[in-house]
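Going in written order, the chains are labelled A, B, C and D, and every chain counts its residues from 1.
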Amino acid sequence: MLISRPALIEFYQRVRKASEAICAPLYPDDYQTQSIAETSPPKWHLAHVTWFFETFLLKNFLPDYQAVNESYNYLFNSYYQTIGSMHARAERGVLSRPTVEQVYNYRAEIDKRMLDLLANSAENQWPEVASRVILGLNHEQQHQELLFMDIKHNLWSNPLRPAYLQRPEQSIYVFSTLNWEDRQEGLVSIGSDADSFAFDNERSRHKVWLDAHRLSSRLITNAEYQNFIDDNAYQRPELWLADGWHHIQKNQWQSPLYWQKQENQWYEFTLYGLEALNPTAPVAHISYYEADAFAHWAGKRLPSEAELEGKLLETPLQGHFSDNSVFHPQAGVGQYYGSLWEWTASPYTAYPRFKALPGSMGEYNGKFMCNQWVLRGGSCVTPLDHIRPTYRNFFYPHDRWQFAGIRLAEDL
Amino acid sequence: MLISRPALIEFYQRVRKASEAICAPLYPDDYQTQSIAETSPPKWHLAHVTWFFETFLLKNFLPDYQAVNESYNYLFNSYYQTIGSMHARAERGVLSRPTVEQVYNYRAEIDKRMLDLLANSAENQWPEVASRVILGLNHEQQHQELLFMDIKHNLWSNPLRPAYLQRPEQSIYVFSTLNWEDRQEGLVSIGSDADSFAFDNERSRHKVWLDAHRLSSRLITNAEYQNFIDDNAYQRPELWLADGWHHIQKNQWQSPLYWQKQENQWYEFTLYGLEALNPTAPVAHISYYEADAFAHWAGKRLPSEAELEGKLLETPLQGHFSDNSVFHPQAGVGQYYGSLWEWTASPYTAYPRFKALPGSMGEYNGKFMCNQWVLRGGSCVTPLDHIRPTYRNFFYPHDRWQFAGIRLAEDL
Amino acid sequence: MLISRPALIEFYQRVRKASEAICAPLYPDDYQTQSIAETSPPKWHLAHVTWFFETFLLKNFLPDYQAVNESYNYLFNSYYQTIGSMHARAERGVLSRPTVEQVYNYRAEIDKRMLDLLANSAENQWPEVASRVILGLNHEQQHQELLFMDIKHNLWSNPLRPAYLQRPEQSIYVFSTLNWEDRQEGLVSIGSDADSFAFDNERSRHKVWLDAHRLSSRLITNAEYQNFIDDNAYQRPELWLADGWHHIQKNQWQSPLYWQKQENQWYEFTLYGLEALNPTAPVAHISYYEADAFAHWAGKRLPSEAELEGKLLETPLQGHFSDNSVFHPQAGVGQYYGSLWEWTASPYTAYPRFKALPGSMGEYNGKFMCNQWVLRGGSCVTPLDHIRPTYRNFFYPHDRWQFAGIRLAEDL
Amino acid sequence: MLISRPALIEFYQRVRKASEAICAPLYPDDYQTQSIAETSPPKWHLAHVTWFFETFLLKNFLPDYQAVNESYNYLFNSYYQTIGSMHARAERGVLSRPTVEQVYNYRAEIDKRMLDLLANSAENQWPEVASRVILGLNHEQQHQELLFMDIKHNLWSNPLRPAYLQRPEQSIYVFSTLNWEDRQEGLVSIGSDADSFAFDNERSRHKVWLDAHRLSSRLITNAEYQNFIDDNAYQRPELWLADGWHHIQKNQWQSPLYWQKQENQWYEFTLYGLEALNPTAPVAHISYYEADAFAHWAGKRLPSEAELEGKLLETPLQGHFSDNSVFHPQAGVGQYYGSLWEWTASPYTAYPRFKALPGSMGEYNGKFMCNQWVLRGGSCVTPLDHIRPTYRNFFYPHDRWQFAGIRLAEDL
């Protein structure tokens, strides 16, 4: 079922504006900053997602296309080796030019050209145009989440601990007791064969046998994680994966990223600045190593991605997303969708009959299927219309600047 | 079904002697060498496997046990954090004391004490004694394979490329064409629930759904791998996992470990010294990154561990093992067992209802279930009686000093 | 001979304005950039030199002084360990706050307070106030040179190779043949005992015996250095110091910093962008390793700092300085002062009877007297009134982002 | 005055035997060990000094010379780039072949050939033969000292802290109060123009002006150094050079190398094993950074090499050398010669009219004249007949596995 031109133009304009809205509170200085190799300057994100449309749409569908600036193909290529060589990821913060103003001009120019393409491309090209634009918009939505993540880390890296925004007036969130839901053994089908959009890594739909198990009824809270810390967990090797123990020793981790102790009181850095730790909010910015050690300590385990997808398929797609404009997770019930990405016990690998997208777009997902773990469900900085039950996010086991938390499982 | 004392004594003596036989061709200088952090000096292996018996048997079952040398608990502990701190792995080559002679004396003394324990331990302790001794002997067999691997790497690191042994007169090996065996979809049960010995990571037996697929009828040969090299594969990023591409760039890999080009002719370093590359022998000492890239290049994929175990369960347990005393893989048919460990497309993770062994022995396997990949089937330096269809070996995706090769699979 | 208040106020205002004038051509993005650990964001320089006045003048002489922002003492302390801990040097580019605007406000506020102190401090404090202000202004002049150096390196690190400024209309510069001036043996007195300002590292004046020697009549040119490259010098270990050879191998140096070959033609990056290499201009941005290897190749040596000071003492203090507003060295005669700093064969160590300044200011120079080499004479980005014959600049032997060149010497 | 053949043969045999005598107490395992990149396996030293004679004498003077083993030119070349490429320094511990036995056979074979050359070389070649042999023997004596240093470090790196030898019965050493000797200003001549042997770096003799100064009458003791530690010196940045402070922080130095605290008591590792710290023995195994910080803390400075040579020239060449067979420094008077090398405040640079030796031997000394500091006077592991007043030893400022100590000086 093909999307109509007006519907796609509306989607295009909405997503493109959303990225700029996220950057509205920034100072020129903030746009330029890259705190670690994993993050990118906000300016770079804004340009890269634009380069994606120029490269995979405009260059592809417009004969004799003249690039806005030929050098941008080098500067704003992220990791598409088959497109050509690229500026080193860790050195993006060095690019003082193009300036913020030039990047916004680049966006405006590409938007003009894209809207022209969306309105006027040949009918027989429309299916492919539409398919690639939808990929490009999902790509930009992923970078919207990265903008929140990277801005947070950049500001955290400043000893002044500046806030991105003032915290909005508090909505009411409900704390709930941790319960367990039993789930039966059997074959489930996971992954996507849908006509509607899904990344290549969600395909194809396939059967998985699940043994009987149970899932915790909500995410683990800060208070529960504090018990783990207070039980000396960061000093007890028997709780940790070998690589995890090595990593926390080498990096001297004693608590989640963004936790800070002052005068015996825990604080947490949020996009609203440093705040006293909220005991009922879910613990956030946890690495896989920490999630696994917590589960080990609790005598449980993490759920597999098939177990979680089984549950997500039965659950209404609603929760705390970026659309709520509260950019920090809150106490809640269920929390299968939104709030925080949930680490699974599943390494990120190819599904049966996985086929990467053709050409350079094939580098989008497949080449990362090694050394990373799957996370599910979206977070409070994910757009609601970006999520599906089959959605597979993935990070390295030591990463923790993403909005990630813990749900527990156990065998029955 | 409990093993008898005489049977276990025979097994003990056989395994212990085998380790020393592997070291018989070494010079005192060879015992001391550690070429990279991943390898250990042969002397250290001989002492460490002995320490395992002293720690988990003698100290456990003999009241008021007096250690042969208290310091050995620090020097020869490999990675048992719950036993105490240990000498750094990468610094084992620094330990000129105890000397080789002292290590052999240590072995002799522990053997004496162990044989006494095996003969005289209380009946009610026998089940636990036997279980631990069998674990210790399997452990020593694993280190026998490591001895071959490490001796090979140590000798290779010497520009003289010295041989470990003279090559024995060549037995006859048969080259076979690459065929494909189709395998049907369905539920298989993999893993072990057996009474007989299996590592904790093989447990518990559980169902896995397999889609229809096919497996190649033998391992990939050197000649086939040379085609991959000649097709410029080490220069083509689109064939590689992102982490793999990064790794081969950084380390300037252009061929398998132990391949060396001289005057336009490929040679391979073996335990018999540098030899002209044998085109029909299976390609060996391949990393996961290379195995995956080869499969990608060939338009195939690697088999999952469940697919391979399904096949192994139907296959007679025979092949080219260390018992054959030819310490390099040869041309052959089938090759499911022996010859070379086969990389699978399965990350090494816990099976459903996995329970680590109690106490410090729980560190044996479980804590490594992250960032590594499963290999199956054993190799020409594995003892035949050490292998089972359910056996799970595991290495990091960049490791290649183990005897590892490639079998292909594809979806049907 | 004490400086008068009006004279010092004039000096203060002139120096403070000069720093801001250097930054006038920058975009907000440029202020934030730090290309390597050795450079600092321009914004940071502007704040740090201001912090110097606040810390060593205002806090010292004003009772109950209220800092503009207490956190600046952490953020803008460079290396004064006795003042307190400080933000990591390599992480200055992460500080998006305070913003450029806030830094300029900080400068304005400190200027107001400083001018008040300069006008109104007690008479009995004036000698100490004046002495510290003069140190602070010389300090800021050093950072003016660093601003030129760092801006150049930041812009160079951008593949767009953007220019800082448009090149001014070319003045006339004279190329001269390389000649030699013979200088007699004897005792010379070098270093400063003057009442007028000199850094502590220039003191005290002391005798040095010089053997007879000769000095080249001008700096080595790009054309002469190109001969060295064309003679394969970067591939010949016998020309290099051991540490230098190791360094050029590891970093794959094949030419001076800022040289770039395109289609067999050498270009040089300057503050005016990428320009065809000027053969008669002096070779610039040379490390000590390269200067020493060039001298070795030429059958000469570098002059000692005493030899150069002997010559400088007899030479009129004039040359190509930043006052000329041509921010790249040009062909010339003599060139003892200005144009480029000249590497000497003298490691940077303490003179006899060296006494560091009291208190924290003692960290200014003395603690760097290890592993660095002395350079003499100033450069085209040094203010003329900042230089003296006794002035000792110093850098690590591998540094080359400073404006440094080569003068030769030989024994007679 | 040319040395006679019998005299040189006697010298040759004496030095060659001395190297083997140093290794007599070693086990085969000890010969193979390399604890850090700076040390070499004892086996390697024995082979390398032999390679020196083969390369610079036998290959040079014997037409159609057949090397004992062509590969040794790669394995046992230390740093002579102009001879050809070489095995990596840090990887010498990997060379299990040639074995210890083969290395001793190599020595025996080269000795036979060398004695033949010494007896039978043509008269007109004798001056050059003799000159190179003397260089080779001095070279081997330097490696004798390195053998003591490296064996000590290797054994120290073993947690068992094994002793190299049993401590001999204690001779009587005299403790003396620290006094000061005033020395007048004036021109001194330092360096060598002698016919007798001196390294190229000691040449040529030249004048240096010395201001009036004083020297401490003996080396600093362990007790005095302990006061420095107890005064919290390793935690006080103001006492340290910037690079030194960085280095001790990064490496967490809290005391000299080989000091170890147990139950609040200091011990020192010596070639006789771990011993209670002797308060009157001189503090040993000190880096330049520590020597400089100690002098700073004491309100003094280190002497320059010219100041020390001035004193050495007036002092009888006697002291505690390896000839005394006590391989650890003892309390004493004067101690200008022997006991411990004394750090000077002089970076290691070329003397006026320095000429490196011709050909590859020119790499012996000159290329190290950067980033290192001069030490003077020899140590308890230096052979007495190896030392001269003009002798210049040199190490990096962070090195401390050499037998180095502290003498103080101050300006008058």
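By our rule, a residue touches a chain if its C-beta (ideal position, glycine included) is under 8 Å from a C-beta of that chain, and two chains touch if they have at least 3 such contacts.
Just so it is clear, the model here is predicted, and its values are computed rather than measured.
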Common contacts of subunit C and subunit D, by label, are none
Chain centres computed over CA atoms; the one at greatest distance from subunit D is chain A
Chain centres from averaged Cα atoms put subunit B and subunit C apart, in whole Å, by 59
So, in whole Å, the Cα centroid of subunit B is separated from that of subunit D by 46
When centres are defined as mean Cα positions, the distance from subunit A to subunit B in whole Å is 38
For subunit A, residue numbers touching 2 or more other chains are none
Among line, ring, star, complete and other, the chain touch graph is ring
Every touching pair of chains is listed here as A-B, A-C, B-D, C-D
Per the touch rule above, subunit A residues touching subunit C in the complex are 27-35, 43, 71, 74-75, 87, 91, 93-100, 154-155, 157-160, 162
Subunit B partner, complex, touching residues on subunit A are 79, 81-82, 187, 206-209, 211, 237-238, 240-245, 288-289, 292, 301, 345-347, 349-350, 352-353, 362-363, 367-371, 397, 411
